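When the chains are written out, they are named A, B, C and D in that same order, and each has its own residue count from 1.
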Amino acid sequence: MTAHATETDIDRVRQKIESLGFRAHIMPGAQKTAIGITGNPGPIDPAEFEDLPGVAEAIRVSKPYKLVSREVKSEDSIINVRGVPVGGPELVFCGGPCSVESREQILESARAVKAAGGQLLRGGAYKPRTSPYSFQGLGEEGLKLLAEAREATGLGIVTEAIDVETFELVEEYADCVQIGARNMQNFSLLRRAGRSRKPILLKRGMSSTLEEFLMAAEYVLSEGNYQVILCERGVRTFTDHTRNTLDLSVVPAVQGLSHLPIIVDPSHGTGKRDKVHPMALASIAAGASGLLVEVHPTPDRALSDGYQSLYPEQFLEVVKDCRAIAALLAHRRNRQQAYA
Amino acid sequence: MTAHATETDIDRVRQKIESLGFRAHIMPGAQKTAIGITGNPGPIDPAEFEDLPGVAEAIRVSKPYKLVSREVKSEDSIINVRGVPVGGPELVFCGGPCSVESREQILESARAVKAAGGQLLRGGAYKPRTSPYSFQGLGEEGLKLLAEAREATGLGIVTEAIDVETFELVEEYADCVQIGARNMQNFSLLRRAGRSRKPILLKRGMSSTLEEFLMAAEYVLSEGNYQVILCERGVRTFTDHTRNTLDLSVVPAVQGLSHLPIIVDPSHGTGKRDKVHPMALASIAAGASGLLVEVHPTPDRALSDGYQSLYPEQFLEVVKDCRAIAALLAHRRNRQQAYA
Amino acid sequence: MTAHATETDIDRVRQKIESLGFRAHIMPGAQKTAIGITGNPGPIDPAEFEDLPGVAEAIRVSKPYKLVSREVKSEDSIINVRGVPVGGPELVFCGGPCSVESREQILESARAVKAAGGQLLRGGAYKPRTSPYSFQGLGEEGLKLLAEAREATGLGIVTEAIDVETFELVEEYADCVQIGARNMQNFSLLRRAGRSRKPILLKRGMSSTLEEFLMAAEYVLSEGNYQVILCERGVRTFTDHTRNTLDLSVVPAVQGLSHLPIIVDPSHGTGKRDKVHPMALASIAAGASGLLVEVHPTPDRALSDGYQSLYPEQFLEVVKDCRAIAALLAHRRNRQQAYA
Amino acid sequence: MTAHATETDIDRVRQKIESLGFRAHIMPGAQKTAIGITGNPGPIDPAEFEDLPGVAEAIRVSKPYKLVSREVKSEDSIINVRGVPVGGPELVFCGGPCSVESREQILESARAVKAAGGQLLRGGAYKPRTSPYSFQGLGEEGLKLLAEAREATGLGIVTEAIDVETFELVEEYADCVQIGARNMQNFSLLRRAGRSRKPILLKRGMSSTLEEFLMAAEYVLSEGNYQVILCERGVRTFTDHTRNTLDLSVVPAVQGLSHLPIIVDPSHGTGKRDKVHPMALASIAAGASGLLVEVHPTPDRALSDGYQSLYPEQFLEVVKDCRAIAALLAHRRNRQQAYA
């Protein structure tokens, strides 16, 4: 749609799409609204729409992913997580422990994240574990403790849903629902996320190509939820000096193809505490919109992933250094534009 | 338990395990019954059991996977799929199309599989597809057509369940429920499979290590379903001459560590029709207990995976050649034992 | 050329090619001779050759590799290693220790290989080792011991050349010169091998694609040595249950694209003694022309790779079982052709 | 050695090492000199050295790599390439075309690199190419043109040696000799590099682990050349959105284990021009000591790698942005230390 398109214009287009048996996806942006069309009743002629008032352009999307594509929506999407914009000019920092373990642990974590300048709190109440005999999370009890931590600090809550059965419960407590790497192609879960009103944080699968990653996001959008944040967390390769190989080049690659924001998880991406700081900085320098970082008040006593969790004071340094880099790059970009 | 242990002996052990707050897993074998113990109420002393009548040995399992391990059960497990034993001396061939597309297609496929000497019919009613816009399977309609094909041919039915919601329906129609590669670490689905009375065919994930593969099976067994068939279907690597890289060395590796049978899917493992025959033979020579093969009456008109589906006459050759190899190897092994 | 082309016909074509400033590559086959053209003086019209006597067909090769391609030579190449044909109907077994360590060790190995029915003896005199501080081979002393073992047993010798400097020496003693996986893209070494009169055994690089593998062979052929045997030895992936991942699907893939024979090294391909037998059988079932296997009289005392070396009696079983499989498959193929 | 150790002290230790039949490796640092011991005449007791004057500490190195290890030399090594220090506080930028193609092209490239603030000029005279029919470089002619470009601009020259035969020639012209990724385990070439007086730029192999990478450097050092610069250039994985997967986490990993400097090549690491800038910034943020970047005056007319070469003005932006990030991080680090 054009920048001046009215609500009526948009509604007229929507009605036309639906009258042809398709589904209309209305995605408002800062400047203009994009409307995606999906569904399969037959061929459709873009020209049919171009004469309608307020329509700027009608294009046939050439990629297998449609709604996530910049062809449908050229402007960056900014996802609002309890008032925190993700994908805008400001970096977002989501910190916290791997699992919620106790009231004290999650409250202390939340306060540390808040004190360091983080805006969102992560913490798993339902944990996907390789072994059936490992700690599987506190479940609803964990969700309640997260809510308490939100109450205490004002931080928005990001927590994982591992199946359709518990999605509703997670969704009720969370400000943003995480879909983990192992579930990136759990299509039923993706569809359920697509029917949620909460933003979704979608982590890249361990052996996912860029196209599969965007197609997974497309599942969510195709069901009507356009609030998706992508997250690179390392892929599985032959290397053994880190737990996974953080593929930072996917950050600019996603940004070229999609309007969705992408953040990076350097904790899972490296699996080693002392690699988190340099790779966090590298992520921001590569253009990521923020970070998902494991922070624990006492990593050595963590029930899971302690060896890759930062101490609160390390997280503080990460936040400060990343913000300094982002400010520098923004400043340089602005100055360049001013001279151009 | 010893080979002479009675029902009463077994029950006494089970009661003792349960009285200590653990869970007993009773896995009968051809010669003797193994009893696994899981649960977490505290340490347990093997010696406590060794004095009970009928107990041969009590050992602490050293691996992270317990019930799938040969330490718990040294004899090969033979899984019965509608009367067809999987993991015994006879090879099992499960053929059929990627997706159930129509009555005619599935009936014709079933007759071809039957005619070629196959014992089981595969065919997807629920399809996990990379794109939300691809054909997603016929759903319950597909299950009914599979049942009709079973009726017509007597073949057992293997079909995939892609989520907990539809599991019950799939389980009702299927003789063996498949968990696909993308769901190998969908732990909720694995737990649900563990509460099923039907055998489970568990495919290896695209970037799954051997340990993760066995741990996924452990999820199913830990819930009480000991009827699990493993399936290698290729892993993701840098190579581009096949769709996936078939890792046949996992066959003897699994057989060394676990009592569960393992079969191979050379269709997904190569992604190319002309590579299926040589890799099928290689799979059997490596020791696999059978094959899962895509067969379609008219591959060029298949709605999915046509390029990797065999023509019925090709499947016939695969079955014959594989049986000949298996007979040869069995003969040589027997002769060797006779001389030893 | 046609099957009836005379020496004069072939020479006429060669002269014409050279007169145009190109290089002619004459590759005789069992039925007919293929002539490849390389060089870069400008475009060339296939039609210019089709009218010459004895020319069956002149085609422009569509692949990046030319001389190794079946487009240039459709018949299988059979490489003669000291009277042992590689790539023909008979399987070839090349066994022996990783490194030549002593007279006793190599003689004992050679006798064991011979006794098991092997035709070629492998053994490294120059070893490419990850560490500069590891045993680097006996050098010329090792070559002399290999020659002595050949004398004693009649086995042809396959040994590795690791650089251009020592190539001439290796070539003098060896019946077939091996280029190792780490040197698959050592182009100077490949060119040197291309100027040798001895057959070359070229191992696939650890992260080599099929195309790169064939291009490496093309380097050798482009210099005039058409006696190249390819060897799959496993590629590097994320898996950890074997040292490398044996990619057997490359066997039929190579056979489809190239006239060169391909054998398999299940010792490096698995890195574990107990996986060698099943993977050897799988290699032959997949269609390989033979095997390269590490055999050591006393593996536990080997200076390198002992854990993956077979005991002589295990090698004997490998040879017997592989021959039985090959005979079976040949028999079935012949019968099929007889009926067709 | 202690910071106050005299030449005489050092020489005394050297003599003692040699008298025991070992080789002494004297590696001076900014503060103190490290002396490595290699060779194999038998066990050696560290205590034997601790009483000598000037000796601070004698330790047994626990890693398989010795001389490259921080255990031997804890201070960062700074490698001097024609007056340009690599590994010190200042970033080093080495730019230039993939291949030297003509006088005009290399002079223009050199001037552009110089104008952008680069200190070193890269350009291949000998090119390792996948195909024997691709442009293989201008050879000595190319080296002479590089020397001319050095004359004209004062830039130091980095160029690749692809074999032992041409090493001497390359070494004569180059200020730093590059060993390419495909040759990372060409051990003869590494040994030859170890006998050179010129610094060596060693690129990580396509499927090299961190340990193999350091062991390759160890080959060079073990021969007496301690001037080695490491370079990450991407590894081979399943991903297809970039030519290789740039593994930036190897930068801090190398820095933790070794005193050698490490730089990054984002051109080969991504294979796409528009990904070079973000990944260059990420490399510096991760702690790399500099960059190796392909720059070409007219990328679209390049004989090789044009699609990944930067335009001169893009290189200028890379240099500026990277320097700004490095300055920022140095400033923050200093301030932190001042407050500590």
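The rule we apply is simple: a contact is a pair of C-beta atoms (placed from the backbone, for glycine too) under 8 Å apart; a residue touches a chain by one contact, two chains touch by 3 or more.
If you're wondering where the values come from, they're calculated on a predicted model, not measured in any experiment.
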From chain B, the most remote chain by mean C-alpha position: D
Result of counting contacting C-beta pairs for B-D and A-D, higher pair: A-D
Where chain B and chain D are represented by their mean Cα positions, the distance between them in whole Å: 51
Mean-CA-position distance for chain D and chain A (Å): 37
Residue numbers of chain B (touch at least two other chains): 207, 236-238
Complex interface listing, chain B residues touching chain C: 207, 209-210, 235, 237-242, 245-253, 256, 269-270, 274-275, 278-279, 281-287, 320-321, 324-325, 328-329, 332, 336
Contact footprint of chain C on chain A as seen in their complex: 236-238
Chain B - residues contacting chain A, complex: 38, 40, 64-66, 128-133, 162-165, 182-183, 185-189, 191, 206-207, 211-212, 215, 218-219, 222, 236
